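Chains here go by letter, A, B, C and D, matching the order in which they are written, and residues are numbered from 1 within each.
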Amino acid sequence: MRNIIEIRNLTMKFGELIANEDVSFDIEHEHIVSLIGPNGAGKTTLFNCVTGFYKPCSGQVTYYPEEDNKIDITGQPTHKICKLGITRTFQIVKTLSEMTVEQNVMAGAFLHTNRTSEARELARHILEQTGLTQKRDELGRNLTVAERKRVEIARALATNPQVLMLDECMAGLNQTEIKDVMNLILKLKDSGQTLLIVEHIMEAIMPISDKVVVLSSGKKIAEGSPQDIANNDDVIKAYLGEKYHAKSKKS
Amino acid sequence: MLAQVIVNGILTGFVYSLVAVGLTLTWGVMDIINFAHGDFLLWGMYTAFGLWSVFSVDPIFSLPVTIVLIFLLGYLTYVLIIRRVLNASGLTALLATFGFSMVLKNIAQLVFTANYKNVTNTIFGGDTIKLGSIYIRHDYLAAAIGSLILSLLVLLFINKTKTGVAIKATSINRSTAQLMGINTDGIFAFTFGLSGACVGAAASLMVPFTPITPSSTALYSILAFVIVALGGFGNIKGALLAGLLVGVVESVGGYLLGTSFKYAVIFMMYLIVMQIRPKGLFGW
Amino acid sequence: MVKINKLFIENSFAFVLLALFIIVPLAVGENADIHNIIIYILIYALVGEGWNLISGFTGQTSFGHAAYFGIGAYTVAVMGNKYDVVPWVGMLAGMLIAAALAFLINYQLFRLKGHYFAIATLAVSEILRTIFSVWPYVGGGDGIKILFRPENKALWLAIDVRNRLPFLYITLALFVAVFVLCKMLENSKMGYYWKAIRESHEVAEAIGINPQNYKVYAMMLSAAIAAVGGGLYVQFFKYIDSYVFSLDVSMIFVLVTVLGGIGNVYGPIIGSIIYYVLDLAMRRLLGGTASGLNLIIFGILIIVVVVYQPKGIMGIFDDIVNRRRLRKLKASQATTNASSNQTGGDSK
Amino acid sequence: MLKVKNLNTGYGNVQILYDFSCEVKPGEVVAMVGSNGSGKSTLLRAISGIIKPFSGEIEFMGDRIDRMPAHKIVARGIAHVPEGRQVFGKLSVTENLMMGAFIVKEEEEKKIRLQEMYEVFPILAERSKQAAETLSGGEQQMLAIARGLMSSPKLLLIDELSLGLAPVLVERVFEALNKIRNKVTILLVEQKVQEALEFADRGYVIQNGRLVISGTGEELLKSDIVKQAYLGL
């Protein structure tokens, strides 16, 4: 087991507001790492720092595309980071609304080809994989939230990333749809994908994660296996709440 | 001499501000680019001219008339045209206002011909105040003070009154504003009217020293575009200050480089300022 | 053979239009007025295609395309008048200068978004207007009159005023070239990237697109196309002054494209046809007197068209196609499971 | 109090709700549950007049409201807390609340209600001068609810109460709602089926725009349809 991304002492401030303070953790190759924490804990900010949307005030993000290849990606522009193999989705889904589902995915697929026919072929393959083939010719703006979230993932997958970062890709989905996404995530992991996931839905996160990192008020307050996290007093107090804890114990 | 130039710039600047405050209401708040804004000004000026030439009403007394009439023009523009393209893309609305601009301009030409019209012998006309080595024309001063007062009134109105805050709320989120019981359609119509009222007032204040012809106000439109962007879209305070800045830069630029360059200097300033503050000087 | 057939069927609309543009000028005989109108239609549609690349596909509204149009026009005029350079070469030079200028200016300007960018483009063309109105080399306030020198065949088409046909067909050929280029670009990586940037800057970055670069590519191409239009315009009109840089001129490109349908390769040509046919009809009906009554009616017509078809004329076609597609979909769902419905391309 | 009869509606030519009927009685808390895209939010938007029905009737306190513009429906006593909170970000907390009372004419009355809201939601009093966009997600949700209550509605529609909130905050928002349930009739749309049905007196389950089952909260929680489809049991 090797680390594919190492985050070290990452700090991000907006004026007076400290969004991330001295956060460090690793993302292991071909593992699912989840990032949880209350609203405003700095999860999305951390995402933005790793993917280059923000330039962190201090700290370092290191990426190991291969065993002995080390790249410092701190503050690199997003598109460069994407070309290196790290792609993300957005919490507030950003479907390309005047483009069809297939065109959405093709836009991602063009990263590694210049030919339209190849991009289309790759896109169709991914649409099949993500169960979107039926919706291929639908315009982005006509999709339901669940479909949009799926397109979001498919588009990111089309860039053929090593590390896929999903920002609340299950919020707003029902139980059945969440199960579908969970299965998709596990399938991706099996095919060699590394994933970093931000999510609120504990029922979905806990069963599939290899490791959970908890942020609160910008700081990392816990890191460990899902079981450890579910019983961690700090985490219960800051995030899960007594009720969830009691409920999860019952079941 | 430079002091004189700066004072002149400040005085014109206040008038620019008022025109721009009107534009920032529709452009910033409603996201509608009103190409007919300059033609509103034109019709305000012709109204003042008409009242002066037919009934010998001094522009300062026709001020309330132009305010009300151009308010109505704005209101009607919304009801007849803008309302129907509100949900289409921004450029569609722009096209509609462009068409309307053609209509207004050419009707003016039909009625008043292309010849320059001047309003003369006004109450404030001609006389000057002398402050040290600086001369200030009464009519310029009256226009500047009038514009400043009206701009501040609009600012107060938007920030302090119930309707003003409702305008802001509607601009932030139209459908949620509806859920508050705000008649957003009425708010938009009123905002367009208010925008017209601003240029209507500016028109009466300007006619004593501005010759009128159907094509003379297009430039004010363009300047108002720049001022609104410079101040940050929808920011009334921004438009006020940016108007002042543009007035001064125009005046000083013209003095130092020659009058043919005075507008180029403004546009240059815009490009430079925006490199430093891409959302305008006072943008959120 | 099958491939060629498919090409014709998928683009049948384009071929019908092309046929009309070839036949109508011949059919109307020596009617110079109609020939002139057709030339205007083609020139403004051509520049509209260019404007469409940056503002329709890439979503960065420009109110200053007159800048590049003017550069193209002045380059042809100055080179032709002063150095006897053939307009072909002049147009090529104009394209290069316009593209270079677009690169230099917009690499910086693209830090601005939305309206802030639009106003900046307006500022650029207004600055050029001032410079050209005082610069003696380009004629200053007097502008440039293209010189007639029959012994010098350099200005090939300015020669015969009575017979516009050769010039008309050359303009048509250039328009077709630009149209085909735009259509090809739309379905290429470049086109997909432009549209992705238009829809969401952040998504574009997240899938590995450098928006800055692709916006600059679009602007350079767009500027070069506008310069071609300017080059054609000056040969046709034979006079140019700094008015060519004004907002009024920029707005014509915006108008024809939005009227026809923004973000659609057919938009500029359809819009341009509507615009000039309406204009001609109004002038014929009401006379081109100084009264401007024709312009009043014309303005009202623009409003009416926009109010009833906010998506542009092409929006009507889209609606028809969509409705037919929906009906087809419903029909196929009714008879079989939707699985058989996998044909149909991505021609949009 | 509220009667929806055979409602068909949607956006443009896309139909979302089919032949939907439901009822809310005075003083009740009614929950609409169902998956995303099932049409719950569309129902609320139709009731509050943001979208118009294709066919069917909506009756409130005995009067048809389905053809009224949204702002008139508010005046009749229906407040709608929209999905995703939708607070006016650039306005202060107080200004947001005052907008909620837009239809109230008397200034005194408004001030009294403002004080009431500050008592129910003390956190909002603390932040009264701050721009709403600087509030956390949970605080914004409280603000959105309080803003809805400012018009003293007879019926409060709440869309996706818990969307995007951390578990601990969901608890807190439900607690806040508990404080006001005696004062106002509530129609709640919620994804968290368990919490919503535990909280509500009655519930309706929507699937693909159609009514599937309705009953008291307890009945629904025990029903097989709900258990299988939504609770993942």
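Keep in mind that, in the parts below, a contact is a pair of C-beta atoms (placed from the backbone, for glycine too) under 8 Å apart; a residue touches a chain by one contact, two chains touch by 3 or more.
It should be emphasised that the depicted structure is a prediction, and the values quoted were computed from it without experimental measurement.
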| item | value |
| --- | --- |
| Pair of chains with maximal C-beta contact number | B-C |
| Longest centre-to-centre distance from subunit C, chain (CA-based) | D |
| Separation of subunit B from subunit D, taking each centre as the mean of its C-alpha atoms, in whole Å | 42 |
| Separation of subunit A from subunit B, taking each centre as the mean of its C-alpha atoms, in whole Å | 49 |
| Distance between chain centroids, defined by C-alpha means - subunit A, subunit D (Å) | 31 |
| Chain-level touch network, classified as line, ring, star, complete or other | ring |
| Each pair of chains that touches, named by its two labels | A-C, A-D, B-C, B-D |
| Residue ranges of subunit C in contact with subunit A within the complex | 187-189, 192-193, 195-196, 198-200, 202-211, 263, 338, 344, 346, 348 |
| Complex contact set, residues of subunit B against subunit D | 162, 165-166, 168-169, 172-173, 175-185, 284 |
| Footprint of subunit C on subunit B - complex, ascending | 27, 33, 35, 81, 84-85, 87-89, 91-92, 94-96, 98-103, 105-107, 109-110, 114, 218, 222, 225-226, 229, 233, 260-261, 263-264, 267-268, 270-271, 274-275, 278-280 |
| Contacting residues of subunit D [partner subunit A, same complex] | 14, 34-37, 136-138, 160, 163-171, 191, 193, 229-232 |
| In the complex, subunit D residues that touch subunit B | 48-50, 69-71, 74-75, 79-80, 82, 86, 88-91, 95, 98-100, 102-103, 147, 151 |
